[in-house]
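Each of the next two complexes has chain A plus one more chain, namely chain B in the first and chain C in the second.
And then the complex of A and B:
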């Protein structure tokens, strides 16, 4: 008996390791990422909030309280910019989703050379945006651009047309360029989702007499709905924050016609060195996108419940 | 309901010929099972009947009408898929109603039909659930419900039970047989499981390498297999094949000398057989009995099932299996003497063709 007891205590003594406090290891793993996020996300965010309550510029800063926000609230120009931004976002995202759906459906069809078509979709997304936009600048150019030339050749116009020189045409031209950049990724996500739909479902529906369109509506769309909603949210945020496309094409002009919130913020903060006011604009963007995301996530949840398996 | 005739169906995928000249006449209200090992072409044949694949040549005739080029809907067939192919985002009700929605059936009729199908399949209290909330067997029933509401002329089933566990499969076999009786419909059923084929079929089509090996009732296949392939495929455990040599033919039949075994005179037609030919004697494990029949089996593995003792071992160099009585006084690693009645034996020539057995056993049709 005693021998056995001694044996087990000896074993226990041997097994005692160098024990670190509970959870230490977990913190060690998470730590680097937390420091990283702290430095590049959290601190700038806090700093932006602080700056938005100052009149910071190149000459220094002093605390002004809510003044920057009050100015924004009272400015018709700012409310117009917000409205324009949402219109920009809604139109561009809708077009990307519709084009993405059409593209993915075509790429999912069994046609000869399908792999080639799939590769050909990629360039707008793969080419650096700046380079792509220089290309569009030339396309939209009135004197040397292909579009203006074609429009004249068809006979729609009798002189050169500068697409980016007029308020409306500049806005819609920028939308077209933005859709051009954003569609490929949406297409690829939709294509991946469509390929995940079991073939049997289509065959069963085919045997039951469902037409192509019926199958698309009643099987494809519901089956990929969670991906559609996710892509809508993601591309809405990207489009909202789409800066370089507009900046390279129009710098927000003519006369503010393509100035979205993000462009406006840049102009105020970096263009006019009004860091305080710019920070206030940036905070408005953060709040708007946060609200937008909340509404969307709620919606996504609902969609998942409706179209998911359970 | 309907008759289904397949006339010279051939199918090639590129250079690979997967179906050779399939000719079958399926009767009205018959339950026909296509059975065969994987890759034998049975699913392809079913998909051709369904209209999901086009035959390279040949005709599909339903009720005397050539439907080879028709859309599945116009053929009047419905199909139950191996994966069930239920729409995960739709409720059980909507899944069953799907074909009727496609056909734009008025709501009251549609509701009545779905309710009727749900009642037959005991799904009435599950109509509001999604497929993801159902068990495998219930999903299977929903898939069947979807094909019932169409009121097709021919029901097609593609390995519908292969995703279920063994116990449930047994239950569903009984339910499907009952359903066939209830709906009084022509049904074509594909499986690789010979037990499903034997238990459910009115007639079985055994396919091998894209050819029909035999088309007959389960009892015909069991007692009068046309080829060695059919004999080896039908029956559980599988038939034993013992190498033998023909030593003489006369009016009583064919005398064969079984390697490491007795000389037996089998009551079969000697047509095409001459003394000295290498042949194989086929014996169902359940036809082997304990007794001094000149066969000494060395037992390797003994599976006591209670009612039966499935005994695996060797006869000389040949593997052999015997289904002996549950209480047979035998042990593993021992030798046991076995006997067989000559009338229970099957005789196959070197090319796997059977010699016709004379004693026409009473066939249970």
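And then the complex of A and C:
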């Protein structure tokens, strides 16, 4: 017995000198990735800031100071776009979270066939977004698409309805498609989190006679709260940045009704070759996202402290 | 017991699942139905869900009307494969450093990596275009591979780090005591043990890369022969007379490879992506 104890202390003593100066080695490992990101992301980001003070276009560029920003500041169209983007983000993210919670709860229920259902949820996440949108384009087609056809069959509409042709319906149609793309991932993350909740919590509550709804509200939700909050942040950032969905469905139209900041930036910079103005829009996006993330991380810290997560 | 449901409850669960899955699968059902329908019957009103003249003929036609379809599918697989391989080369060492080593600016540098996750390529298109032009990569496969890798690296470091942290430290220390160098330990001790984690993360990368090729392809590549599937097919939507049934057939055929990969490896895929977010 004493021999064993001596062994462990000897091991513990031996462990100390093993540590080598690690700094150089660590940076040798990280360096390549850092340099790559530096060239492909950081440098273009710096360039974007510089370009935003120029009137760069196909012909060349010259310094214009704050002019691009002044233009954006004075433009009601731009402030409407910002408001629309945040509305788009808030609505789409809340729908994704609600759908994700419902989906995860259903897929977590112990019913026969759930392994299959779990696989069936994933396709929108796995296939290229652009391909999924080709399907939605047809679904939204007023004359030949299934949605309009079904709604007419039921008798809610007398004639064809082009979902993407009117300002309001185009906006909400794009939201539905965006929710469709985002829901599977949120669902599966929530499901994974639900499966990680210790079973004995439920058993204890069950023995005490707590109803399913009570158990969901008072055990499941608090236990998976950190995942809910981090999924909310991730989806918010992705929804804010979501480009392909809107671009393929509506190209930002009709009459700008689905133009979010990212679509606006693309239209200005790539569509109209106004690189300087586009860069200024991009800088606004970067600043808004940074602010948003900071506020969010502050909030996340609070949630994690409250629900006892590191 | 607690996990049992009454017959009524089971019925409600199945009904709700049916509604949920209908929403998820509706576009695929619609695409499939459209692909089966002859073009002249596609544009007929009033709307009919079921037709009596379904045929699989377009699945043969598409190889003639979209002569490059095979090429597009190959390109998509090739680009995703390269993105996956190159990202792994960058990410494995870096993830190891964050999992195991203490070094100056560890948290600051990790924050920089994760900050990249905040952007998409769409914000940086113009300067990125110039960088790729300077490097001579425009209109090559690299024009799509290089940005793809850059935007996967942060997620990759994050995911792989949580795998490497689970490998017992004692094994490395044992190798050390026996006089193995740092690099030798990483290569011969850590990596072999990390193989399951590496596979999981690569599957997730491949599928992610397959899904995200559109924007870089339409912006940085004009060469049709190099276009990945979504960009290649999207070109047809611009045409005056879109043969929608063929579009749908081509789209469904095009996602078949990734669906097969996914169906075989779906367990690893989900495990790989949720590992970082869900505590053990």
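Here are some notes:
Note that in this section the second predicted complex is superposed on the first by the 284 of 310 C-alpha atoms of A that agree within 3 Å, B and C clash if a C-alpha of one lies under 4 Å from a C-alpha of the other, contacts with A are read in each partner's own complex, and residues count from 1 in each chain.
In the analysis below, a residue touches a chain if its C-beta (ideal position, glycine included) is under 8 Å from a C-beta of that chain, and two chains touch if they have at least 3 such contacts.
These figures come from a predicted structure and were not determined experimentally.
After superposition onto chain A, partners chain B and chain C are found to sit side by side with no clash.
Once the two complexes are overlaid on the shared chain, A:203 sits against chain B and chain C alike. In the superposed model, A:53 lies in contact with neither chain B nor chain C. In the superposed model, A:265 makes contact with chain C only, not with chain B. Legend: residue contacts after superposition of the two complexes on their common chain; A:306 is shown touching chain B, with no touch to chain C.
In the superposition on chain A, contact of A:214 is made with chain B only, not with chain C.
Between chain B and chain C, it is C that contacts the larger number of residues in chain A. Taking every C-alpha of chain B against every C-alpha of chain C after the fit on chain A, the minimum distance is 5 Å.
Across the two superposed structures, the residue set of chain A contacted by chain B and also by chain C is 203, 206, 309.
Contacts from chain C toward chain A in the complex involve residues 2-3, 5, 10, 13-14, 16-17, 20-21, 23-28, 30-31, 33-34, 42-49, 76, 89-91, 93-94, 96-98, 101-104, 106, 109, 112-113, 116-120, 122-128, 130-131, 146-147, 149-151, 153-154, 157, 173, 176-177, 182, 207, 210-215, 219, 229-231, 233-234, 237, 244, 247-248, 251, 254-255, 258-259, 262-263, 266, 269-270, 273-274, 277-280.
Those residues of chain B that touch chain A in the complex are listed here as 50-52, 71-73, 77-79, 81-83, 85, 87-90, 98-99, 102-103, 130-133, 146, 150.
Chain A meets chain C in the complex at residues 14-15, 18, 20, 22-23, 25-30, 32-34, 36-37, 39-41, 43-45, 47-48, 51, 56, 99, 102-103, 106-107, 109-111, 117, 119-132, 134-139, 143-146, 148-150, 152-153, 160, 180, 183-185, 188-189, 192-193, 196, 202-203, 206, 226-227, 230-231, 237, 241, 243-244, 248, 262, 265-266, 269-270, 275, 278-279, 282, 285-286, 289-290, 293, 309. Residues of chain A touching chain B in their complex: 198, 200-201, 203-210, 214, 218-219, 222-223, 225, 306-310.
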